[in-house]
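Should a chain be cited, it is by its letter among A, B, C, D, E and F, assigned in written order, with residues numbered from 1 in that chain.
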Amino acid sequence: MKDIIIFACNSAEEFTKEICDSLSLPMGKIDCFKFANDNNFVQLKESVRGKDVYLVQTTKPPVNERIMELLITVDAAKRAGAKKITAVLPYYFYSRSDKKDQSRVPVTAKLMATLLEAAGVNHVLTCDLHNSAIQAYFDILCDRVTGSYLLEKYFKDKNIKDMVVIATDAGSSKKAYKYSKYFKCPMALIDKQRATNNDTVVATNIIGDVKDKTAIIFDDEISTAGTLVEAASIVHKHGAKEIYAGATHGIFAGNAIEKIKNSNINEVVVTNTVPVEEEKRIDKIKIVSIAPLFADAIKRLNEEKPLGDLFIYDK
Amino acid sequence: MKDIIIFACNSAEEFTKEICDSLSLPMGKIDCFKFANDNNFVQLKESVRGKDVYLVQTTKPPVNERIMELLITVDAAKRAGAKKITAVLPYYFYSRSDKKDQSRVPVTAKLMATLLEAAGVNHVLTCDLHNSAIQAYFDILCDRVTGSYLLEKYFKDKNIKDMVVIATDAGSSKKAYKYSKYFKCPMALIDKQRATNNDTVVATNIIGDVKDKTAIIFDDEISTAGTLVEAASIVHKHGAKEIYAGATHGIFAGNAIEKIKNSNINEVVVTNTVPVEEEKRIDKIKIVSIAPLFADAIKRLNEEKPLGDLFIYDK
Amino acid sequence: MKDIIIFACNSAEEFTKEICDSLSLPMGKIDCFKFANDNNFVQLKESVRGKDVYLVQTTKPPVNERIMELLITVDAAKRAGAKKITAVLPYYFYSRSDKKDQSRVPVTAKLMATLLEAAGVNHVLTCDLHNSAIQAYFDILCDRVTGSYLLEKYFKDKNIKDMVVIATDAGSSKKAYKYSKYFKCPMALIDKQRATNNDTVVATNIIGDVKDKTAIIFDDEISTAGTLVEAASIVHKHGAKEIYAGATHGIFAGNAIEKIKNSNINEVVVTNTVPVEEEKRIDKIKIVSIAPLFADAIKRLNEEKPLGDLFIYDK
Amino acid sequence: MKDIIIFACNSAEEFTKEICDSLSLPMGKIDCFKFANDNNFVQLKESVRGKDVYLVQTTKPPVNERIMELLITVDAAKRAGAKKITAVLPYYFYSRSDKKDQSRVPVTAKLMATLLEAAGVNHVLTCDLHNSAIQAYFDILCDRVTGSYLLEKYFKDKNIKDMVVIATDAGSSKKAYKYSKYFKCPMALIDKQRATNNDTVVATNIIGDVKDKTAIIFDDEISTAGTLVEAASIVHKHGAKEIYAGATHGIFAGNAIEKIKNSNINEVVVTNTVPVEEEKRIDKIKIVSIAPLFADAIKRLNEEKPLGDLFIYDK
Amino acid sequence: MKDIIIFACNSAEEFTKEICDSLSLPMGKIDCFKFANDNNFVQLKESVRGKDVYLVQTTKPPVNERIMELLITVDAAKRAGAKKITAVLPYYFYSRSDKKDQSRVPVTAKLMATLLEAAGVNHVLTCDLHNSAIQAYFDILCDRVTGSYLLEKYFKDKNIKDMVVIATDAGSSKKAYKYSKYFKCPMALIDKQRATNNDTVVATNIIGDVKDKTAIIFDDEISTAGTLVEAASIVHKHGAKEIYAGATHGIFAGNAIEKIKNSNINEVVVTNTVPVEEEKRIDKIKIVSIAPLFADAIKRLNEEKPLGDLFIYDK
Amino acid sequence: MKDIIIFACNSAEEFTKEICDSLSLPMGKIDCFKFANDNNFVQLKESVRGKDVYLVQTTKPPVNERIMELLITVDAAKRAGAKKITAVLPYYFYSRSDKKDQSRVPVTAKLMATLLEAAGVNHVLTCDLHNSAIQAYFDILCDRVTGSYLLEKYFKDKNIKDMVVIATDAGSSKKAYKYSKYFKCPMALIDKQRATNNDTVVATNIIGDVKDKTAIIFDDEISTAGTLVEAASIVHKHGAKEIYAGATHGIFAGNAIEKIKNSNINEVVVTNTVPVEEEKRIDKIKIVSIAPLFADAIKRLNEEKPLGDLFIYDK
């Protein structure tokens, strides 16, 4: 692979190492620490002059620190003569702040795009956006890897009979429908009845049949796991024999792991777009690596080849 | 109202007139025609120097002609010394091309934002976007009026008993849920069973109860009316006694009117964000004007006041 | 030719095919149609990742549709990872709206440049601009092919004796002078005497001698053919034995063909920068193809060679 | 006039003083000199915070010094908090380098626009551009005063009988035609016959009648006066009784004054857009001041009124 | 004060309150917290439409969090229709990373300017930059308050006899010289002799006389206090009777307070540009508020008046 | 070296020739003269299409002429299809106007960066900036060669015993310290005592020992030589046996040469970043060429190699 160098920002060392190993490339040497005044210092320890530079960063909290580290590293690469700078963001920053849905709030997902472009990023490589419109928040090229192939493969390999895909609410039924189509199995929708005057949930119902079936709940990300665990509980009450969950991004914020541990869920499968701390890797949590797909994408980009199936959308 | 002038592009004369009448303002004089070589000519026939200029354009086909007319008029206003140019777009151009959902397709809704900004627009005033992320496709200020208050009021005034809100498919169940909450009535979801090997609809079902009820189907826009009419047919088969539809934007593309005429729908209510030709205004089609809301918005903008309830989101 | 792909927008298939054949390249596959709501859909059916993409578009009416098609295709190519996008515009859009010559009018030729750049075009390849200042309306590189070599060759091959070049009015005498210099023949100028109080033409005169000569009237384009046919009539009255006309761009707007058919003109020669419909290709209209010159230009650009004589100005 | 301040760059003191006197405004205090290392220093000696700042500069040689002075002064005003910066350029810099008419040459008139915008100019006020397309080289607002009213008035006041307007060559016949229309008099065109093989002028002719008439030669500028003086000589030979010349811009480059002095021209009228040195103000040169028109334009701009007749084009 | 609203970002509440009290303005209501996924949420709880919005942020660690909070708040204000957004930064972010002084490092102070502009800031109001060139890193207007008046006043009020200003090293002697000039007292320079082969300090000397004098050490900021405390120790050894330190910015990073406590320094005076935690406010640390100067600056900006002495440079 | 072409602007022929000879490249052919109206004309006489174009310009007065020549040449190269344009500026324009240090003055060094970028420069290669923050005034890549290696080598070769480096004032002591560290010799500082009431120098002193030593005074540039000559005089009075001066940039403005001639300085060494006129090359002035370092830099840039020691900072 010609004229390419891949650097890991602070939280992305493990992920980047996997990519580089896949590509038989050494990781770019970089120095990144804090001064006493809490200011970040970054120094690229290898020449990037005329090179195709990839900077990998994840959203392992503190998130804002990660963003600033990345932007500062971009500045260093730009001023050192990089030919092209690609930000590799397995989980896009602030992807939940994707639109103006209240008065006087920011659209931080758009702001991120603006900041990345302003700092000097030429290309973004990311994965399963919460809202795919974020891709067009960029004026520069933004390409997307998807984790759905990995999730589909994972459950396909389990060879599950009597599978049913669960939509946890009206909003997620479109995605659930897609998966049910892929697995050629039925779907079911959790329906919450609310008291009309105070919006309290007075009854929950399941539309569709889950009894004695293996229920699978898909989402793009698992954050606090509140919705997921509640859905599992309802599905369980309605007689599902096993319950699985699958998501590209395993955020596991707050006491998500605790909740999952104590839930009716048999197993939760995520990819490693977000680094999961050692202590969160309980038995129920399965992590499949998406780094090889990123490596493949980088290889194809370097060869200026069409990206194919691993990308949304470049088939 | 100080230093304000409102011009209608070619297809928006009626709508603009309503706004101007609401505000007791004369419409700006403008000359807009085609040369023999099919090139547009535009001339503003009044001074806009130092003025707050509003240019209103609708999407009455041919759509691309409307866009070019608008952009050319923006250029004329810019070069004539306008202080600020606001594009008033009751129905946003290409709002359905809102994301990259196939390989090598454009995101035309974003391109529109880019072109409007490039031409010299400083502010956009639009209404009920198909995808609210489009608002953040703009770097300039983009404000949104909503037609939902008008639709809600319309059906509230009908004083319907036994109302049920219909979600035509999984994708629209979130919106349906919102309306059902507003009307404090149940919702029902149309569920299509498809053959697993060829995606043919083999059975349709309704989740929820519509029998002897008044069903209302809401959407942001009615284009070919295919989904709507099919949904109405299913709802009808399941025993609904009356069927209504409500949408902000009445596109009525192709033979939509014909379809609606021959359908089980009692009445379709839309606003006038898109001009509906005389011959399409059959009895079943009710049009409520949203121009007064736009007039109110322009008044508040001119006074630099908070915009309040008629806007999403500036309460 | 390496890493190059050439696509035809809707109206430019024939012209593009000629270019591709010249270069022994297949035409890029592209899908371009309208949805029921009159919105354009474009999909590039081949990968453009890392490629040098040429998008060819002509101004065959409806002109505004052509512009929007092109801009949308540019967006598709940009988001699909094209390395460089060159818009090939044999006849530049709105080249007659080249300056602000009235109060509060647009300069649409400049707006076109602004829109093309905003959409993501990196290079423009065009031909014989109505006003050569348009070239500098671009901040990106804009190169120009010229059709004058073809027109000159055409008439040279005719081996005309007693040629005289006609300037149809004061404004075109500079161009006429250039051609007369090329052909080493005299020129003549049509002079219209107007009544001083109401600008009516009261007499026409020819300055210079046309009697028994072969008169040739050159222009950059023939639009409605009004001026041309009137000039021919005057030249005829003054005794010219044969009358020819030559222009790079054959717009033939309105009833231009009818007028030419019934005129004293023996033959009108144009290039194919603007597609001429089958029914307009009457005997008197001769069309010479300029596509090979564009092909040659693209070849040299691809090889990063100086462009030479076929370009204005890169000799 | 509210919040307005007008500064003169080094060469424009006299012109600016006239404007300020017209407006009963004091000239802004400014310090502008050279350091020993030939670097310019500029300091505005009065606050411009929140003000509408006008910076006047002329093209009195050395021209490049004038440009840099202006750009540096713009920078000073921008960093000092000016609300709006208008560059007042009675004669636009490099207006003759208005297009790419040879291989690998600059379009300096466009570059000027780019530099002015980059430095922070918000508005340009100029006069009688050599090529009116230059106006659209700006993305910011560019307005144009015209000197033709002054020239017309000057000759109208002379009450000349038997006037004929002279076009010095094919290229200027359009402008001559316009003046002849204004004065309701005939025009004549100088026609040079050249040897076909070496482009030598072998004969000159006048198309139209000048004998015993008062000939007036109009141009946008008089630079070396070569064409003008040669034309006068021909007109004289053909029997004109008196010869006048009128131009907006009196550059009088090289030995232009000498040539005019020794010519058959009775009088040359120019405006003061370009400062004419004392020693060049010979009897034959009449200078009418255009500063009051600029003052009027600034007054109207300050009042955000339409600019009217003194502007091209804001009637 | 018309159309003005001042918001405090999370760490700047105290400072902002002081400004607002000075101006008799209520603080703008704002909601700013973190979601479970460590993403910031910001909502302005008051309309900013058409208003002159001031957003105050300090660098209280974690610094990167402060930057992101500010940028996100800017985005919220921009999308809510603010007329103008001024970032008030009493201590400029990353002002020590002011130039490229090693291979492949960022210039983060410039990056900050780029990010603030990209997010939508229109004006920056800051104070005593570590390198005054940072001011010109902005293309937008950047104005600077200075704390030196407060420090000068503080020591003037002490009425110190036998004052000597200390330059802690060669690099700070220019600043020390300025203060010595202000107080009309001598200066002294600490001179470190280093072993030539390993750069170890082998001897320290004081150039100038400090014996029995009151030594004052000025700097723009006190970060880890290492240099300061070492200088004080040397000055003490050379017989100074009292030792003071003054700085605009009191960062007090790491164990700076501990070091100062145990040092020979009698008193350290700083302004409150950086919030000093309660536990760091030991007796030796004196804090004078610079908020009234910022309030005055904002008042003058609002009135579009020259800013005068409190600004560098707008006298 | 592939696809590279180097042009000299008017004042840089000699310097460029040296570079080209070093690289065994012919100089690019260019035509650059003035029209009678004092406007510059530039024409590149060789194709630059697809090439890596280097444009070399020095600051030989008139400085503003040099800047405009360069900008105009950049425009020519851009419009002729250059792939990349690098401005080679051995001495950066207006590097002394590097910050806003008075009210309402420009920051011309930043303005230069803005103008170069606006004109179309993609990369800047310069040398020893007066303030290294200027490097970050560019958003494009700016690399810096340094002359200090040449100066160090020059004096090293002299094999001076008893060397002492002189800091001419507090401001330059940091730089002097660096050189003293390099030569492993002591430094001394000239200290001027001023009367407190009128800033007159009443006494000068030298801190450190110069008696019987060889004193060397370093600076980044020698402009009027006032400070230098005065320092030499003081050093001489204090008994230095020989006095040398070294600087990267030899401006020699005003009567600098006269002053140096009559001074106590034995020799002044500069590089040729600024062309020194023949008559200024007196015996005392030694000029070492820095062109080979620039040539080496260009070679490495062309090969996309790290630049190494000759660059600040790309080791």
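What we mean here is this: a residue touches a chain if its C-beta (ideal position, glycine included) is under 8 Å from a C-beta of that chain, and two chains touch if they have at least 3 such contacts.
This structure is a prediction, so every number in the text was calculated from the model and none was measured.
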Given subunit B and subunit C, the chains that contact each of them: A, D
Pick out the pair in B-C, A-B or A-C whose interface repeats that of E-F, meaning over half of the contact pairs match by residue number. A-B
Among all other chains, pick the one whose mean CA position is farthest from the mean CA position of subunit A. D
Pair exhibiting more inter-chain C-beta contacts, C-D or A-E: A-E
Examine where the copies subunit A and subunit C touch and state whether the two sides share over half of their residue numbers (same) or under half (different). different
Centre to centre, by mean C-alpha position, how many angstrom separate subunit C and subunit F? 51
Going by residue number, subunit F touches two or more other chains at 47, 79-80, 100, 102-105, 107, 110, 114, 136, 314
Classify the inter-chain contact topology: is it line, ring, star, complete, or other? other
Pairwise chain contacts, counting only pairs that touch as defined: A-B, A-C, A-E, A-F, B-C, B-D, B-E, C-D, C-F, D-E, D-F, E-F
Can you list the subunit B residues touching subunit E in their complex? 136, 141, 143, 301, 304-307, 314
Of all residues in subunit C, which touch subunit D in the complex? 98-105, 107, 109-110, 114, 131-137, 139, 167, 170-171, 173-174, 176-177, 181, 184, 189, 191, 194, 196-197, 199, 207-208, 313-315
Going by the contact rule set out above, which residues of subunit D touch subunit F in the complex? 35-45, 47-48, 61-65, 67-69, 71-73, 75-77, 79-80, 94, 96-97, 100, 102-108, 110-111, 114-115, 117-119, 223-224, 251, 253-254
For subunit A, which residues are in contact with subunit F within the complex? 3, 47, 49-51, 78-81, 83
